[in-house]
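Chain naming follows the written order as A, B, C and D, and within any one chain the residues start at number 1.
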Amino acid sequence: MGRVNFRDIRREERLLGGKRIPVAVLPRLSRNAGVWSAARSLLRSMRLTLHYLVRPSTVATRQYPENRATLKFPERYRAVLRLVEEEGCHRCAAACRLCEKSCPNGSIKVISRMGAISGKVELDRYIWRQDSCTLCNACIQACPFGALEMRPDFENAVYDRRLLIYTLNRYAGPPASVLHKEENPEARRKMMEPRDRYGGPVPANGYFLPNVPPLGGAPGPDAAAMDPVAGKGEPA
Amino acid sequence: MDAEALLEVLIASEPAARKRDKTNRTAIQAPVENLLPLMKRLRQDERLAFDLLLDHTAIDWLAEGRFELVYNLYSTIHGHSLMVFTSVPRDNPLAPTVSEIWPTAHWQEREVFDLFGVLYDDHPDLRRLFLDDDWKGNPLRKDYQDDSMLARPQ
Amino acid sequence: MTVRIRTLEEIVRPPQTADSPFSTQEYFVNMGPQHPIAHGSLRLVLLLDGETVRRVIPAPGYVHRGIEKMAESLTYRQIVHLTDRMDYLSALMNNWALSKTVEEAGGIATNPRIETIRTLMAELQRVQSHILWWGVLGMDLGAFTAFLYAFRDREIIGEIFEDTIGARLTMNYIQPGGLMFDVHPDFARKVKKLIVYLRTILDEYDTLLSGNAILQERLRNIGVLTPEKALALGCTGPVLRASGVPYDLRKAEPYGVYDQVEFDVVIGSRGDCWDRYYARIEEIRQSLRILEQLIDNIPPGPTMVTKFAERIKIPEGAYYGQMETARGVLGVFLVSDGRADTPYRIHFRSPNFNNLWAITALAPGWRIADLIAIQSSLDLVIPDIDR
Amino acid sequence: MSGSLLWMTTSAAQASPWAVKTLTDRAAEALPSSPWLTLAYLAGSLAALGALVSFLGMSLIYVERKLAAHFQCRLGPMRVGPHGLLQTVADSIKLLLKEDIVPERADRAMHLLAPFLSMSATVLALAVLPYSPSLQIADVNIGALYITAVGGLGVMGTLLAGWSSNNKWSLIGAMRAAAQIISYEVSATLALLVVVLFAGTLSLSGIVQSQAAGWWIWRAPGVGIVAFTIYLIASTAETNRTPFDIPEGESELTAGFHTEYSGLRFSFFFLAEFINVFVVSAMAATLFLGGWMPFRVGGLDGLNAVMGLLPPGGWFLLKTCGVVFLLMWSRWTFPRLRVDQLMRLEWKFLLPVGFVNLAAAALLVLWNLYFFP
């Protein structure tokens, strides 16, 4: 009995549910491989691995921390959420919370305030929980102002997971569209109240995680609201 | 067989069954008492020959106090498909097992038992599938509560 | 009433001690949840007689996250990102299955451009998934080198996804009403390069493993699944097709643009592990054929037909949509009460769930090493079983 | 026949320009001069042996990792030291510092003993290997037999480890190991006997010296290469390496007999495996590839002189490394066999072939039908 080549695939048509379906039928393998053909097949696979051994150019390893300088991530790579900045100003025009509502797991909390100078609702804090974010891009698609973006900055490791909850905006105040109309730099600065990455209701100041003591200081006023267990995820 | 002919054959053979609307596939509704003979016929009748039970699951209609069981069938011989619906009361959720007809139902029924608490008569190995044997409650019921459940962020 | 609720402890009782020191006895042993073969967390309780498997009792649930329960409180758009996390190796096809069902139920009509890109992406994902499976099978059978070759080649497809989608695994790309992004300008060029490359690489795979006498001996005639049994056990995908049933939704109920492309459904002639093995390799070649036909023929048009902010409402009713993923039929059963923008109930019919169940019928009588081969040939993704 | 055998050994000894002087001989010379010297000598050799074993093990592990990596289009260890040279050192330090866990219901004494048994069996084999004419610890006149006997001892360690761990996976692994090693020893011995027939001696340095006119792999027409192949297959199986790694079978038995071992004791098993690889390769080199004997063809004095430029120790190392490479190459290419396939290969294929080969070799020796008799 001649040995069947496993690549002898037959093309036919078969019936399924009254339809004729073109199929590729795999052959039945012959009962036993002879000693010689078995040995030959083994030697062939050994030749393949040897082929890779003697060609260092085929090495696929990329040495990560060393290749930082040349490492390029695609533009669209989603690693962190950021507010789009135009010359130091964000674009969040109304603090409308559409992003917050579109988020499937409550990773975004937008705190708005009534602007003292502008007299309009403006962004106070844009708090992002990187620890629970799944980078699904829903917030970006939901934003009517194009104020949000995903950046390919992937080195986000921290030693304390409370540090993964932070404020994205650098200042509280009106968006770029308003600020850029203001010619006077002094007046413009007045409208921008600086916001730190951590502070206020944000965790570094005491976000509660089970079995993790706060980093220091008293919990912020909104800490309970951010906590999924104690506050049931419902902001006050 | 096209949808109408299929329904005709079915309703002729099972007077208690009727067409179910508001679905995107051919569907019938049958009382739970008649389910087992109906299912047997669906499998064995040569005109029907549903040889693949794709899916079996349940819906908890809390307000109406019943579980609706769904069987999703396909026939590789005729190429037609059918959804079979049946209802069991929430306070006595007992349904016959179809695992003798389609062995794949064995597991699918165990999943429904685990997550909804529907009991299957004569099931060969009725055990929880995913959850621990000592788990309290059936999570996919609409009135299920436990301490670590999160509310939907508004 | 003969309902008897049982527990695992009841079944896995230590057997009676042997009567004499020379009599043999069967014994239970846990394979998993932490075991190299359990890619993920799968627990198989084995009843062994020496090396021979007498009975397999799968005990899944270690990755159960209650996706169906979670989905009941999420909007249709938000559920999509959960489907990524079921069968993460066919994430795009899961996205598509849900989107397709929602579109069908909600009466959203897409355009040919969206459908073509979806088909292309799904086929790329199928190729990627099968390549990874090939490597994992090699690793399970002791050929570690295959695993790394597979990862090397899978990376190329990962990079194509990265360019267009911005993610590699949990992509959330195909959404109800369209696609998250249009394809990257480089997409077509890279895919064409990939097709040429993979054609040669598949021959290398054949040299390294498929043609290897040891591998053939390990797979041939092991775990034979007859077509009747495969259907009765609810197997779908390559597992069912290897048994000789040409049930492929891409042909049986064409969706996307599958009715416009030419390809063959790969079926086996015996239904053993070898057929399940080589059917997948041949499916990669068929997928490459599909890619080749579509890559130059992406019609113009928008990539999203609905506004994102628009809430999708589905009229009251029960809907079932299904799709051929890399592992079989993924069904989405969706019930809407017509009031909320969230489903009243959503159920995923996952292919792995039924394919795992087949192991209880396949493995008894074979040795431990064959159980490994059988499990590998079923290509299980555990999070899809547990959901 | 005995006459011809006698002639062969003597002629080989006469033809050899190398006078064999073992370390034991030197110790015996030193013994009457001063007992302290002897003691110092003993201590020194013990330390040297320890250093040799750990150096051998670590360098082999490094080579294996690098080779495996390049077979698989990777780089392997690159971080610790230049090209990861110190990686194995770092790993050994880590293993030494790790907690040594004994499972609660394990047979404690046996559990603690097993790795040492495994290790000592392999290290014992190092004593008779002829590394070069001047470097051999003891030239036992039944060296080949001794190696076989000591190699069989190693399985005791494996079996004990699997049994005493009180873990079902370990026990399955140990049982597989015992069945496999004992079966394949038969074939390995049959292949070894072929060379013994040709060389007419069991002494390893005698076997090396008998190859002064050419290595047995080609000088014994046909039977040499067959015996070499059988020996290679059988010895790979004896060292439990892929494609015969079913006692460990990572994806089947997690780690087989050493599942429950950690820290130092695990490293002993690990080291024993690699020393075993070395011993097996060195034996294959000694038996079939002339050991430390340069590549020589009887009568071609010019060639022999050129080949003699590399010192015998270098030749030995070169050949051993070649065989080690062959073992590693196959390990990183093949899938694993199944238990019954393994047994079938041994009892239904290797063993009959080995017997026929041995009979053929006996006839060839009887009729002097080999090159440069």
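Note that a residue touches a chain if its C-beta (ideal position, glycine included) is under 8 Å from a C-beta of that chain, and two chains touch if they have at least 3 such contacts.
Worth saying up front: this structure is predicted, and the values here are computed from it rather than measured.
Novice: Between B-C and A-B, which chain pair is linked by the larger number of C-beta contacts?
Specialist: Answer to which pair has more contacts is B-C.
Novice: Please compute the C-alpha centroid of subunit B, do the same for subunit C, then give the distance between them in whole Å.
Specialist: Centre separation, subunit B to subunit C: 24 Å.
Novice: Measuring centre to centre with CA averages, how many angstrom lie between subunit A and subunit B?
Specialist: 39
Novice: Report the inter-centroid distance (CA atoms only) between subunit B and subunit D in whole Å.
Specialist: 64
Novice: Where the CA atoms of subunit C average out and where those of subunit D average out, how many Å apart are those spots?
Specialist: 46
Novice: In subunit A, which residues are in touch with two or more of the other chains?
Specialist: Expected reply: 16-17, 19, 42, 45, 48-49, 60.
Novice: So which stretches of subunit C touch two or more other chains?
Specialist: 74, 145, 152, 208-209, 212, 214, 217, 245, 247, 252
Novice: Among the residues of subunit B, which ones contact at least 2 other chains?
Specialist: Subunit B, residues with two or more chain partners: 76, 79, 151-152.
Novice: Indicate which of the five shapes (line, ring, star, complete, other) describes how the chains touch one another.
Specialist: Topology of touching chains reads as other, fitting no named class.
Novice: For a test of understanding, state which residues of subunit B touch subunit C in their complex under the given definition.
Specialist: 21-25, 27, 51-55, 57, 59-60, 70, 72, 76, 79, 83, 85, 94, 102-104, 106-108, 111, 115, 119-123, 125-133, 139-140, 151-152
Novice: Which part of subunit B faces subunit A closely enough to touch in the complex?
Specialist: 75-80, 148, 150-154
Novice: Considering only the defined contacts, which subunit D positions touch subunit C in the complex?
Specialist: Where subunit D meets subunit C, its residues are 68, 71-74, 168-169, 172, 176, 242-243, 245-246, 249-254, 332-341.
Novice: Please output the residues of subunit A touching subunit D within their complex, sorted ascending.
Specialist: So the residues of subunit A touching subunit D come out as 35, 42, 45-46, 48-50, 52-53, 56, 58-61, 63.
Novice: Would you mind writing out the residues of subunit C in touch with subunit B in their complex?
Specialist: Residue list for subunit C touching subunit B: 1-9, 11, 60-61, 64, 66, 68-69, 73-74, 104-105, 228, 231-234, 236, 245, 247, 252, 315-322, 329, 331, 333, 335, 344-345, 347, 349, 353-354, 357, 361, 386.
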